[in-house]
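Notes for the one structure printed next.
Going by the order they are written in, the chains are A, B, C and D; count residues from 1 in each one.
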Amino acid sequence: MITLTDFMIVSAVLFCTGMFVIISKKNSIQILIGIELMLNAAILNLVAFGKYDRINNSGQMFALFAIVLAAATTAVALAIILNVYKQYKTIDPDKIKQLKD
Amino acid sequence: MNKALPYQDIQTVCFAIAAVVLPFAAFVINFLFLGKSKLSGWVSTVAILVSSILSVIVFTRVWNVQQIHVKHLWFIIGDNTLYTGILLNNLSVLMLGLVSVIALPVHIYSTAYMKDDAGYSRYFQYLSFFCFSMLALVVMDNLILLYAFWELVGFSSYLLIGFWFDRATAVQANKKAFIINRIGDIGLLTAIIILFNQYHTFDIAQLFKDGGLIASSTINNGLWISGTTLTPVVWQYIACIGIFLGVAAKSAQFPLHTWLPDAMEGPTSVSALIHAATMVAAGVFLLGRVYPLFNEAELTTLAVIGCFTAFMAATIALTQNDLKRILAYSTISQLGYMVMAMGIGAYATSLFHLVTHAFFKCLLFLSAGIVIHQIKHIKEDNHLNIDPQDIANMGGLRKKLPLTFIATLIGGLALIGLPLTSGYLSKEGILVQAFEWAEHKGSAYMLLPVLASITSWLTAFYVARLILKVFYGDMHLLTLHPGIKIHIGDGGWRYKLPLVLLSLCCLFPLFSLNPLSHTQSWLLYGLSSYKGYTESIFEIIVPVVVNVLSLVVMYYAYIIYIKQSIWVSSQTGLLYRISFNEWYIDRFYNCVVVKFVLALSDMTFWFDRKVIDGFVNLLEKIGVFIAGIASWCDRYIVDGILHLSAAIVQAIGGFARRFQNGKVQYYLFSMLLAVIVVFILKILIWN
Amino acid sequence: MKYLFPDISNQLSNALGSIPFFMPEIYITVLFVLVIVTDLLFGKNSARLCRTIACAGMVVVIFKDLQQFEQILSGGHFLFGSMLLLHRTAIVFKLIIDLLSFILLLYFEWDHRLKAHKKGLSDLYTIVVGSVLGLHLMIMAVNLLSIYLAIEFVSLASYLLVAYRSENAFSTEAGLKYVLFGAASSAVMLYGISLLYGFGGTLDLFSGHMAERLAQVNTMSVSFAIVLVLAGIGFKLSFVPAHFWVPDVYEGAATPVTAYLSTLPKIAAFALLVNFVTPFVFYDHWKGFDFRLVLSAIGILTMIAGNFAAVLQSNVKRMLAYSGIGHTGFALMALVTFTPQGLSALTYYLLMYGLANIAALALANYFENAEGITDVKDYKGLGFKYPLASVCFVVVLISLTGLPVSAGFTGKLFVFSAVYSIYQQNHDVWLLALLITGALTTVVALFYYIKVPLNLFLKRTELIVSENKWSYNLVILSTMIAIALIIFGIFPDLLIKYM
Amino acid sequence: MNILTLLIFTPVLFGLIILLLPSSMRASFKYITLLATLLQLGFSIWMYLNFKTGASYAGINHEEQFQFVQKLPWISLDLGGAGKMQIEYFVGIDGISVTLLVMTSLVLVIAAIASWEITSNLKGFFALFLLLDMAVVGVFCALDFFLFYTFYELMLLPLYFLIGMWGGARREYAAIKFFLYTLFGSVFMLLVMVGLYLSVKDPITGNHTFNMIQMMNPKNYIDGSVFSILSHQTILGMPARTVGFVVLFIAFAIKVPVVPLHTWLPDAHVEAPTPVSIILAGILLKIGGYGIIRICTGIFPDVAYSGAYWLGLLGVISILYGAFNALAQRDLKRMIAYSSVSHMGFVLLGIASQTAEGISGAVLQMVSHGFLSTMLFFLVGVIYNRVHDRDIYNFRGLGTLMPKYTVYVMVAFFASLGLPGFSAFVAEAFSLAGAFKSHNVNGLLPYWMAVCGSVGILLSAAYFLWTLQRMFFGTVSLKGGDIWKIALTDINWRETATLLPLALIALTLGVMPSLVLGKINDSVLALVQFTQNVFHY
């Protein structure tokens, strides 16, 4: 039997992994993937919790919205990253730091 | 205030006011309309002439007749109403008369003395302004106004000392005079404030009259009580010290006397009026006004200080070579007498001495002015590089300046206090009472009258020295610079008239018909607190001893300074032997007494210059030093704190900026870290 | 599933019944479509027309907003099954947003650099109009789902705006930073939302169950969830520690976009935050997560970080970015009162901040246009060359600093009064600390704001007579705003009584 | 039209005219400004003459006793549960303000005349000048705290620009320092102001009010409010009222300025152009003193009472510290600036004494210092305009070169050092008398403070005389040699026309202090009465 706790643990692991990816990877696309991981952690949570919300099924609904929005965000982000590559010939965020104090 | 005042009194008051205001009017006229005109001298002189006539009228009407007090609302501050008013009693009308009468000859004299000066008009503006302040000072009825004019008198003195403001020494001197006077002023102001706090009034009549507020206040259990006001008694002492500081500064008492010799940088006529006769006497006048405030112990202190001042100044005068400085020190010495007299309770005699001193000292200064003027003529005629005030250059002037010589002689004798002069009357009065007082107080106090007597002999010595050196013997200039032309004389009537007038005033008849006994003087009876003394042995002994010894001293002086002529004229015979023997005595004196005295004199002078003046200078230095520190603090500490806070702002700003390194992952990391840190903190602290 | 059926009709009627209360948003949607269509129809030359349509549309929307006041006389109204809440403050917020976006729509074209963009500005108008819809939703959202949707809606639009000038390196760099930071924040927030949903069992904040249940759950876990959600909102509000993106993005984006970013999403986010905290704060048995304390602490930190860091900036846009952070902190102060008075002070303050900030950036833009300068040190002596613009700049900065007589001052005064009156009741030391920090940072704010007039007027240089590329539009706009700021400074009750 | 409103807003009207006129008419700007200030002077003199005295016109804490009152609702705001906020345009004067108002108007005329020296950017200068004019006059008239604060803050900006744009070499530093210092004070004042109005309710309307006179009545405070006398609230462990007082005091002390909050003053003075120096010293400093009287002691009489010792101490420190600093300066303007610090110390000492003598002395000192410092700075301006140097060591023997000028310098110097016959004497004497008396009347200040204060008079003599000796006496010797000798012409008719009235006023006030004291006396008595009765509520 997979309990709610298991879902939560998995999602927490996913979340942390995503966070780690965001912070450590030297590639913008990888960072996007990290963000996706984090989003998925949340979505997993939502779905898991939604099981107990029988009246509205808000969890599942939310998950759908979240997936769509994540896709939209990723699309925009990829477009911007593409643009960045045009300008900088790199997508390593560490190297893109003309704007700073 | 004055509803029931009869017509006569109103007229008197008007006269008094006119006497005071006329010089001021002259000042205003001179200031506004007579910029460079020679007319200004006459405007001032006429003003003071009328003023002095009015003063004399007022004097005759008030003296021993009644006290007139008129006042008019000035302003209201809080619950206190301040009046401006005139208080005419014996003391004030005496001073009123004295000041205006002395000022008159000085004005006349000045019209001649200053006639070639570029600042002629300015001089008379100042002089009139001074007369106004001084006259107002003596008639004012409340302490605030008294203080006001007290300071204005100092201010006009400042202006006059620095009259030749392009001379560095004059400017130095007037600054010093003003600042030292300012010290006194602060003392006086503090005293006035203390009195105001205690008695809630500034009115002199209410405060100091018989049975007035001062008289009815008591000191009890360390508290100074008057009405409902209780103050620690120390403030009574401080009030007295404050007043004494005022007196000491104005009347050049130890230790605030050093400005007076320097003040001689002003024109000589000014010295005669202000720094000899009138303004410096203001301190003594003030003592007279506030006399009831002082208690026994404070009076004794006063006496001691006065006596010491008198002695010290006299010893200094012994060796000075500057004509005016000698006179300045003698003034200090005489003022010391007056203060001492106040201290020993000889209130009336002190004021008596003030009056007589005013005349003879004024006379002496005017004479000295003539001498200096003439020497200056010689200097200018022959293009010499000499100090016209140095008595070493003078000598034998009695033939050239006969009238001046006679005047100086009268003045000098009065200063010494030889019989037939006015000085005798007042000075002997002081000495006699000093002895009586000391006898009454106990033997230790005998030192005071003895010292006073010694001072009297020292006075005799330096006066004799002065006269001998200036008027007797040969002109030293001639021996130094043979062949110089000397065309000098007493000068016109504007020089002579004042001398004659003042000389007459220095003789006894003006004050007492009995030339030998001071107790017969009308002046003494007019001053309220004169009690009249019982006949005592001192009445006879003191004058005799003092005068005889004075004569002896003068004779020694004669021998010392003119001795060569004696040797030359009498080589053989009894006279020679006596002279010879006396020479032994003289040598003895010379070795022991004179040398000692001279050494003492040098020492005191050194003390005066280095220690007391040094102290004043030190104060100045300390002031400047503190000023430097304050300035440093201001720049580095107070402002430093400001700059520090600016630096802190920047430091915090810098810290906040350090995260902005342009790396987005670093930003994310910082944010997440911060969130986690906050969360952990929350768990640790708030749970 | 069967037992859900009766509900459907209910829900449908609810949705249909909500539509009259949703008119402004519908109008915006129509406007959005209209602008897109215009753009498509007229191609390259459509910019001007798009702008005209967008602006005119905004005016209509404002009218619609005003009409809503009558609809809610009897109190707030839930829409679409408690997804949205229409209440008086929300309308005020919407009006502010619409007004400011109207100004911004006018303004975009006046930036020479943006205008020179080869793809034209038509898309920009579309995006902005779209984002206004998102902002409206944000203001009214009271359901975790609608909150998330609205935020993402606005975020997506903002990403596009920031990266709009694709040919410009700064702009794209800013876009990258913005999108990465934003996406990560929203992911964090979503995780927080998922947890809240799990703990509370519902997405509806105002249902009453949410706070009730959360109060029973382990405080730590709830706090964790709330902190994560706050981080997401904080990204929009740009408070510490979610402010790091602000200076870079503001500097990199085109100036009108910066004006947009520094005002509209921020103001809407405040409305959102108000909505978010209300159910918790007014739940009597709420314990555990102390919103007032956390928000106060954040407010203090934000004020300090923003204002102090701004002192060292010399790029005008960057400086304004930091000052914007500082203003967020100050506005948080009004929020933590959790009173109607505080709320009206907040709206007033935000409106004045929005106006002044747009004007300030417009003026910075003006100088950028005319002289090609962005650094405050280059403003040296320009005050005599461009007197009107410079004077306006001074007035606007005065208002931002909060000195009388300017609207910024009255705003500050209202905020202070609101906080004070609460402090008077509960003597919360945090409120006092907020007050003191608020006052102190005003002084610090002067420190950097004054740099502009300092350089404009006090420094003297040999002015090189260069050809003026006069653009009156920006000056006229900012002059009008400046005058408005002064008028509202003298007569604040012209406005505040409606807030 | 209310005369006070007219007085306040006349300059703005003229300022607008200047702004609207084309720059080609710049020569007329100074005349327009002069006209505006003269008009103001006329109004204020009219008010002075029509000012009624008597116990029933004392003012202070009785609204009905103020004169020339105008009261219009301004901002009214519903705060929901917290009641209503009531801000009024409320102007009126009592004895304490009327004399300061006349002084201010006159000083402004002088400053307008001194503005002749300004040559660059005239439009800006005169517009700012008139704006500043409005603000300073408004401060003295405002009886609503909000209005007061508005005017108070409104002074800052024009001053910043006036110093910063037309000032000397370090003008930027001086201007920003001045601005930050004063803003620092006033921002916290804002907090206290907000706290006060939330604590006070207008008894008639029941609204929260900014009315200062209502704030003075302890009965108007809501029970349990922060600043209520009865509820003894604390802020950070300190009594709330003490905190409020201290904050307000700091704000005003910066303006006065009181040591150690004074360092903006020398810089600002030195760098400011002459007219601005005149306004700074003549008027701005008085606003600090006025604020302490009207607001600090008016609204927090109990704290002023218990904290009088510290106030007095600060006063004494200012007197001495300022004087010592003045002694150490070699820049003439700086020396005078520090002398201002010293002289304003008397004001604080007088106020701290809370005796009728002390407060009257303080007000008189403010009026007197207003005229004298104006004169002093104008005199410095005269010499600076001619040779652009102010270093005391660079001049010697000016008395021979510029005799008339020297006369005025001497008048100003001696008047400032408290020579009787000039206004400063009576003022300082009574400040000290009040301070001394205080121990017996209300036991606030120890005796020694007055004594120490009097040492300041001595020191002032020292630095003024030293300067006089160094610069004006002796033989002519100038750093700039013959060029300076030619440049240093004696004062012209315009300068005489400026200096002569000032000298005459200083003299008149010295001889007839009743011109001021007669007007202020009732108010001062009422104030003293009020501060002493505060514990009976």
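The rule we apply is simple: contacts are C-beta pairs under 8 Å (C-beta built on N, C-alpha and C of every residue); 3 or more make two chains touch, one makes a residue touch a chain.
Keep in mind it's a predicted model, so treat the numbers as computed, not measured.
**Student:** Shared touching chains for subunit A and subunit D?
**Tutor:** Where subunit A and subunit D share a partner, that partner set is B, C.
**Student:** Would you mind checking which chain's mean C-alpha position lies nearest the centre of all protein C-alpha atoms?
**Tutor:** It is chain D that sits nearest the middle.
**Student:** Look at the interfaces A-B and B-D and say which one is made up of more C-beta pairs in contact.
**Tutor:** Taking the two pairs in turn, the one with more contacts turns out to be B-D.
**Student:** In whole angstrom, what separates the CA-based centres of subunit A and subunit B?
**Tutor:** The answer is 98 Å.
**Student:** Measuring centre to centre with CA averages, how many angstrom lie between subunit B and subunit D?
**Tutor:** Each chain reduced to its C-alpha mean, subunit B and subunit D end up 40 Å apart.
**Student:** Averaging only over C-alpha atoms, locate the centres of subunit B and subunit C and give their separation in whole Å.
**Tutor:** Distance between chain centres: 81 Å.
**Student:** In whole angstrom, what separates the CA-based centres of subunit A and subunit C?
**Tutor:** Chain centres of subunit A and subunit C, defined by C-alpha means, are spaced 25 Å apart.
**Student:** Could you pull out the residues of subunit C that touch at least 2 other chains?
**Tutor:** In subunit C, 176-177, 180, 184, 188, 247-248, 309, 312, 447 touch at least two other chains.
**Student:** Could you check subunit B for residues that touch two or more other chains and list them?
**Tutor:** Answer for subunit B, listing residues that touch two or more other chains: 657, 660, 662, 664-665, 668, 672.
**Student:** Can you pull out the residues of subunit A that are in contact with at least two other chains?
**Tutor:** Touching at least two other chains: 22, 31, 93, 96-101.
**Student:** According to the definition already given, which pairs of chains are in contact?
**Tutor:** A-B, A-C, B-C, B-D, C-D
**Student:** Please output the residues of subunit B touching subunit C within their complex, sorted ascending.
**Tutor:** 646, 649-650, 652-654, 656-657, 659-660, 662, 664-668, 670-672, 674-675, 678-679, 682-683, 686-687
**Student:** Could you please specify the touching residues of subunit A with respect to subunit B in the complex?
**Tutor:** It is residues 19, 22-24, 31, 93-94, 96-101 of subunit A that touch subunit B.
**Student:** Over in the complex, which subunit B residues touch subunit D? Could you list them?
**Tutor:** Contact set of subunit B toward subunit D: 74-80, 144, 147-149, 151-152, 155, 162, 165-168, 170-172, 175, 178-179, 182-183, 185-186, 189-190, 193-194, 196-197, 229-231, 235, 238, 620, 623-624, 626-631, 634, 638-639, 641-642.
**Student:** Taking the complex as given, what residues does subunit D use to touch subunit B?
**Tutor:** 177, 181, 259-260, 262-263, 266, 321, 324-329, 355-357, 360-361, 397, 399-400, 414, 419-421, 425, 429-430, 432-433, 436-437, 439-440, 447, 450-451, 454-455, 457-459, 461-462, 465-466, 468-469, 472-475, 512-514, 517-518, 521, 524-525, 528
**Student:** Inside the complex, what are the residues of subunit D that reach subunit C?
**Tutor:** 74-82, 85, 121, 146, 149-150, 153-154, 156-157, 160-161, 164-165, 171-172, 175-176, 179-180, 183-184, 187-188, 190-191, 194-195, 197-199, 224-226, 233, 235-236
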